[in-house]
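One chain, chain A, links the two complexes that follow: it is found with chain B in the first and with chain C in the second.
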Partner chain A sequence: MERASESSEPVLDAKSQLIDFQWKLGMAVSSDSCRSLKYPYVAVMLKVADQSGQIKNKFIEMTIPQFQNFYRQFKEIAAVMETV
Partner chain B sequence: MAAELEGGKALGGLLSGLAQDAFHGHAGITEELLRVQLYPDVPADEFRPFLEKMRAILKSIASADMDFNQLEAFLTAQTKKQGGITSEQAAVISKFWKSHKTKIRESLMNQSRWDKGLRGLSWRIDGKSQSRHSAQIHTPVAIVELEFGENGQESEFLCLEFDEVKVNQILKNLSEVEESISTLMQPA
Partner chain C sequence: MAALAAEHFAALQSLLKASSKDVVRQLCQESFSRSALGSESLLDITCSSLSVTQEEAEQLLQALHRLTRLVTFRDLSSAEAILALFPENFHQNLKNLLTKIILEHIAICHRVKACKTLLSTVSLPRLVDLDWRVDIKTSSDSISRMAVPTCLLQMKIQEDPSLCGDKPSVSAVTVELSKETLDTMLDGLGRIRDQLSAVASK
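Our next item is the complex of A and B:
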């Protein structure tokens, strides 16, 4: 697992830039522990450049409710930014 | 079969223990622990096949994600089998599944997710101001912190900076995702 620093706390000063955003809507059909999974999920690939310019891909998976919250948060960000 | 095994009282506790072990990743729930805690008067060699029978039934129900009709049909068939379950036990199992189904399903979903899952999102807006001669230019910047990680692993954090242009780009992408979700969720 990659980390920005050795400590377990988020390094809030080390901001990265998002270079690219790719997404996939998948459906988990079944698995060895559950033959009837049937759940949709959103997988995103974030291509980010850290402060040194190094580019990395980060993969994150979300359930549909998590994605909807993610989307809602970004809409809120946009709304607040307009007022600043 | 020992009389204690036929009753339903300790069965609820047994099913909880089995679920903790099989689905919720709780370590240390051994056969011996369950026997001593729930069926102390039953000898180990009698308890073992009973435990395996209940484990197999719970796994079948969870694996098929049975709805209540399927559950009733399945449990009725189990009561009619040679070496199956009693109707009292069927009632306990039915009650257990109805109250734990959602949580068990969530654990099964988490177990099958091998990529990093999103755990948290927080953000703030900074207003960067620049002054050129007398003109003040305010450029809002969004700082977004994402927390994510694999099952049972420590979180990884990602701190991203967005200007308004980037935020709108992301929103466009996200609205495409939402459109896809709506299409998927439409009744066939």
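Our next item is the complex of A and C:
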């Protein structure tokens, strides 16, 4: 996952709102290509409502390092929000 | 693939000149990468850390390479199987150490392979980019003066690559987050982090 870049403007198509955030911490134990695994992952579901009120679910799966990076970026945003 | 010859096991004994187990481990780990054979710098490191001649260093690295290739070829994964490769009179402690190091290496390769395959086969969409910007709302048609921070967050999500063939589709989701929403999210993410620590400590 790339670092958040403050200098690139996010495309402002429509301002959707995040109305729910669900998560799951799982462990993959086996797959068709790898019989024995011990692979933890974080699965997140974001419920987003657009301006018309239509709700969309966005699923994301992350490895643990990716999750840690994700968390760190949100902490960064919160810190900035505190200071402005 | 032929098993190791007596001269290879003899070459491995150069490792006995190492000053510590860590030196042995480091040398082995360096030699495991495919680019190790023929690497000038690895040869130099081996010479200096073991105080051996270039020829002895070369023979050692060749022997290590052969040993790990044999383990891979025969798909050995247990200590017993690897120990059995060594001759009866081989230095016991060195044999045990080498076996341990090789097993560690196998475990790492396995994990890397698992991660790679998992990330490319059955899996949910992945977050490939996260961009954000914090704005301050200073006024609106209903409130003339205010200073409300708000975050604009854009996430780029890539759909499951195995379903999309060569060109996995990337969709962008842009949301506006108030401080309250952000705090709630942080709360949730903090709980995931706590759970991870709890699982890790088990």
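Convention: the second predicted complex is superposed on the first by the 73 of 84 C-alpha atoms of A that agree within 3 Å, B and C clash if a C-alpha of one lies under 4 Å from a C-alpha of the other, contacts with A are read in each partner's own complex, and residues count from 1 in each chain.
Here, contacts are C-beta pairs under 8 Å (C-beta built on N, C-alpha and C of every residue); 3 or more make two chains touch, one makes a residue touch a chain.
No experiment lies behind these values; they were computed from the predicted model shown.
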Check whether A:Q51 is in contact with chain B, with chain C, with both or with neither, and answer first, second, both or neither. neither
Look at A:V84 in the shared chain and tell me whether it touches chain B only, chain C only, both, or neither; answer first, second, both or neither. both
With both complexes superposed on chain A, which partner does A:Y39 reach: first (chain B), second (chain C), both or neither? both
Which of the two partners, first being chain B and second being chain C, lies in contact with A:Q73: first, second, both, or neither? both
Applying the touch criterion given at the start, work out whether A:S16 contacts chain B, chain C, both or neither, answering first, second, both or neither. both
Touching both chain B and chain C, residues of chain A: 1-2, 4, 8, 10-12, 14-18, 21, 23, 25, 27-28, 31, 33-34, 37, 39-43, 46, 48, 58-64, 66-68, 70-71, 73-75, 77-78, 80-81, 84
Which residues, counting only chain A, touch chain B once they are in their complex? 1-4, 8, 10-12, 14-18, 21, 23, 25, 27-28, 31, 33-43, 46, 48, 58-64, 66-71, 73-75, 77-78, 80-82, 84
Contacts from chain B onto chain A in the complex sit at residues 23, 62-65, 105, 108-109, 111-113, 115-118, 121, 123, 125, 127, 138, 140, 142-150, 153-154, 156-162, 164, 166-171, 173-178, 180-181, 184-185
Quick one: which bits of chain A touch chain C in the complex? Just the residue numbers, please. 1-2, 4-6, 8-18, 21, 23, 25, 27-28, 31-34, 37, 39-43, 46, 48, 56, 58-64, 66-68, 70-71, 73-75, 77-78, 80-81, 84
Under the touch definition given earlier, write down the residues of chain C that touch chain A in their complex. 110, 113-115, 117-119, 121-134, 136, 147, 149, 151-155, 157, 172-177, 179, 181-186, 188-190, 192-193, 195-196, 199
